Amino acid sequence: MTMLGDRQQLSYIASQAADARLNLELETEGMTLNIGPQHPATHGTLRIIARLDGEQVVWAEPACGYMHRGYEKLTEVRTFPQVTTLVNRIDWLGSFANEVPFILAAEKLMGVEAPTRAQYIRTILFELSRIANVSLFLGDLGVQLGAITPVFLAFRDREYVLNLIESATGGRFHPNFDRIGGLKDDLPAGWIDETRAVMKKLRSFCDQIEDLLFGNEIFQSRTRGIGVIPRDVALQYGLSGANLRASGVDWDLRRDQTLPMVWDKADWKVWTHPDGDSFARCWVRLQETRESTKIVDQLLGAIPSGPVMAKVPKIIKVPEGEAWVSTENPLGEMGYYVVSRGDLGPFRVKIRSASFNNISITPWLLRGVYVPDIVTILASLYFILGDIDR
Amino acid sequence: MAKVPGLVKGLGVTLGTLFKTTVNGSNTVQYPHEKETPPIRSRGVIALHQDNCTSCMLCSRSCPDWCIYIEAHKELAPPRREGGKPRQVNLLDRFDIDYALCMYCGICVEVCPFDALFWSPEYEYSEPNISDLLHDKSKLSEWMETVPEAPELEAGADKKKK
Amino acid sequence: MPPKSPNGEVRQLSSSSETTTPVVDLEREQMLEAIKLSLGDVFVDSHLKPGDDLWIRVRTDSWLGSVQKLRDHHSFDYFGFLSAIDWMPSPYGRGEDDPTEPAPVRDTTIRSGYAGGDTRMQVFIRLVNSKTHLGITVKVDVADSSPSVESLITIFAGANWHERETHEMFGIDFVGHNDLRNMYLPVDFEGHPLRKDFPLLARMVKPWPGIVDVEPLPGGDEEDSAEVKASAQSKDSDAS
Amino acid sequence: MIALLAEVPYWGQSLLRVLGGLVAVLLPAGTIVYVFLFKMMSFMQSRLGPMEAGPYGSMQLFAEVGKWLQKEDIVPDRADARIFKMAPVIVLVSTFLLVVVVPFGPEAWFTDFETGVFYALAVSSISVLGILIAGWSSANKYSLLGGLRAAGQLIAYELPMVLAVMGVVIQAGTMNLQKIVVAQNTGSMFGIDAIGHPYVISQFFGFIIFMIAIQAELTQAPFDMPIAESELVSGYMTEYSGFRFLIFFIGEFATAGVFAMIASVLFLGGWGVPFTWFGWTSVDDVANWMNFVGPLIMFTKMMLLVFIIMWIRFSYPRLREDQLQRFAWKGLIPVALINIMVTAILKVVF
């Protein structure tokens, strides 16, 4: 893989080399720096090929595909319930949130809607997986910028959330709890009180991270004004989630879209930031984590009683049709374009993952920055490799 | 009140955690010495209740990974009642789960119509060699002992479900 | 305070989807009319699911122009994704065939989805209006012999990677995109994996464990296995 | 001490000095690694750190050393093998050379330089050579970037360090480290001589600048761009393995210890306690037991300073290279110059 891939990449770099001779006065040649696929800054196996002039990036491009698992092809040989087990491995940090849009798309095609109780639990678990995902981002952000402590605090507190997800669904990372028509099971007793306690902990974690990182002048000088994405560019590249909101676009699919989920039953705020720089992106995520804990807290008190599963046949055949459902996942807009042919399995599933679009802006964004800023920008765009490569 | 510089606040967080860890102890579980009990629903390993299995192949067929291998043959069993016709039963020859392939999705446990498969929270079965992760029915039956009772459900749940 | 739902109503909506979603979706209908008007004869077909989504299909030769019109005149300024569909059903099924028996013949007649289609493969794109948050799926046919369509990178820079991926996975050429390198696969990879006639090797190298059936009693009859299946199915319906 | 040593032949004296040097460098380094790197960092991050090797993981360091010694000594194919192998040694040697001038007691020193400060500052920059060599000879782009960053950074921070020390030198009127210690412990502030006159009070800005410069010289966060594990993998150390990495590792923490010792000598009164406590008037009066207690006092002060260095290291993110340079040239150096001017004026006035 690497050798052949390299040849292709290198020939492309050669074609860009004319560009790279920026420093005309000194006639210095640029240097090609391979960041990754095995590199501490690229959680996963993303590789960035950067053409440098000194420490300044002349041209840079991510090379993905080191973790391409071909999920779109794999879905075509699986039945609908089996696909759920695949899709929660796309963004492995917020896996429950990956299942939801797929299940919603299938439900839409079948004309089934989950019972209200299931919708509440779904939404709560969805937000919990957002918290699990983003809290790791907040910690990882520190590591990318050279602070070692936040990541351990993040792992410490994310563990509580994962424990919650595990005790409800049975899987820490891959819940596979969503079923077409509802949920696999109801919540175990005592879960609601536990969750309330954990949400309190997570809020204090957010405060800690804010004090440790966001308030830190060094952190601010590293992130403010770095990697600025203007509003129209963000829309053009299809950026989503916090990256889009940090560019001043007030758009949250949880609020701006009607889905059989219950975000509208809670009182929360969509945070935006006008700057569009790395700091804005990180800050929006921090605020969103806080909002998520609030959403969870409010919904916990309002879970109605009832069944968690609608009446669906045991052997699920989804009627013919096409459906597009996307939700506001931890990383951004995650959507599935499901085409069914009335078979046991989907005919075609196009997985629109957030990171793919979010990272596709990097060649544009990395031009002219310094090597340390590559790391800052990648960290602030926040990607999960499985979400890019799928 | 004057704004505390972020640099000082950051130092405060680390120092605070230092004291907290010193006083309250850390969150680390010293694994081989002390163990966490996983939640009841935790999907650790799949246990097989051999007597319930009728080798209907449903689990094997619904497995997304194709990691359940079943072989069985029919045999005549003594009749249930005196003087009845001898019954035909399926005798399980092989029931292997390849845990190197298993995705721990639980579909097999769900589709099993005869309650022969269960989740156990047991997790200590790692092997140095990947091929040793193919476990046969005797090993799977041993895990039956570790299967816990299903947990109580949260208030408001529909009690119809087991 | 969110309203308590009366004892968690179970909604079996296979027939009642019309009751919850409005039959008339004025917003989308107006949108569709406006698009029809501005695209003119470039517009080929459309499909509207009220309260859900809108699909349109445009002529291949003016793909770029029509998307540009959608962006500029109908403010579909948010680029969701671009991909393609191969409408030919796979001749391999789910790879669950018994290798010892002759391969079953499968129906591979091409049937297009919403908004129709004349070719085996279609490129489609998802655009959203960032103000009203209404989305649209735009489809375009690509010729079977030389699948090729105009590239959108001049109007949506974000289409770059999506077109590279589609090129790699479906072998569709994007005219105007000068950098259609593979994203995922090695350079000398042959074939286009997401085309339906590309076999999924993982499902070919090993026979499906589900093929194996219970060995019958020597000289026994087949009734018993049928009985097992029947009881399994009755249990199914119980459980649901 | 000197009297004791006088009876030992010259080779014996040298041997003792070498042994003493090893203890003075390795013991603090080991303590720093265990107390701060293993335990304090872990506790600051809600974990326990190593717990398996020895009680509370106290033998962990030996286990690590054993592990590193077992590892293969890899030299990259394209590396300039001879100087690649030499580089870590140069770094460590500069640490050993540095400890030579540090006084540990009234008579417990390795050598008594009249220009000790000058020597210490000169020797400390040898390690830059080692790092630059390591970065260049590794034939690795990350190492090269790391080495160049280190060179630029160490040179930039050498200057504020020198300037910060200058204030102390002006105030003490000597470049001899021993005399600086004595001057602090015999001095008096505003007529009160109960605590002597540690220069950390009168040279507060100098102290701050010196500590920041140390932080940068040691390449600890927020100035750890030469290592910058999230950008440059491990900077100039990327290609090193086995005992050569171990030497770098020891060098890093030993230098931290030695720099902290120098800082405590310059600003905290070194090995001494205020002489008035015991009624001593000059260094000749100091009781002989101070030769044994002095090193402990020194050690305590060193640990205090290393605690601050490490605390900052574990809390802060890292600056960018250009921000670091800007901070040195536009921030620290002007402040240090003003500090010198003010000190000089006050010195002349009073």
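In order of appearance the chains are A, B, C and D, and numbering begins at 1 in each one.
Criterion: contacts are C-beta pairs under 8 Å (C-beta built on N, C-alpha and C of every residue); 3 or more make two chains touch, one makes a residue touch a chain.
Everything numeric here is computed off the predicted structure, so don't read it as measured data.
Of all chains shown, A has the CA centroid lying nearest to the centroid of every protein CA atom. Comparing chain pairs A-C and B-D, the larger number of C-beta contacts belongs to A-C. Look at where the CA atoms of chain C average out and do the same for chain D: the two points lie 65 Å apart.
Centroid to centroid, with C-alpha atoms defining each point, chain A and chain C lie 23 Å apart. Separating the centre of chain B from that of chain D, both taken as means of CA atoms, is a distance of 54 Å.
Chain centres here are Cα averages; for chain A and chain D they lie 44 Å apart. Counting partners per residue, chain A has 78, 117, 149, 153, 156, 212-213, 216, 218-219, 304-307 as the residues that reach two or more other chains. Among the residues of chain B, those touching two or more other chains are numbered 7, 10, 13-14, 17, 27, 158. Residue positions 44-47, 314-316 of chain D are each in touch with at least two other chains.
Which chains touch which is summed up as A-B, A-C, A-D, B-C, B-D.
On the chain A side of its complex with chain C, the touching residues are 1, 4-5, 7-9, 12, 64-65, 68, 70, 72-74, 76-78, 108, 110-113, 115-117, 232-233, 235-239, 249, 251, 256-257, 262, 265-266, 298-299, 302, 304-307, 310-315, 321-324, 326, 333, 335, 337, 339, 341, 345, 347-348, 350, 352, 356-357, 360-361, 364, 389. For chain C in complex with chain A, the touching residues are 1-5, 7-17, 20, 52-53, 55, 77-81, 83, 85-86, 89-90, 93-95, 111, 113-114, 124, 126, 130, 133, 135, 137, 156-158, 160-162, 169, 179, 181-188, 193-194, 196, 198, 200, 202-203, 236-237, 239-240.
Against chain B, the residues of chain A that register as touching in their complex are 78-79, 81-82, 84-86, 117, 149, 153, 156, 159, 163, 166-171, 174, 176, 184-192, 208, 211-220, 303-309.
Interface residues of chain D, counted against chain B in their complex, comprise 40, 42-48, 51, 311-312, 314-316. Those residues of chain B lying in contact with chain A across their complex are 5-7, 9-10, 12-14, 17, 27, 38-43, 62, 64, 103-107, 110, 119, 151-158, 160-161.
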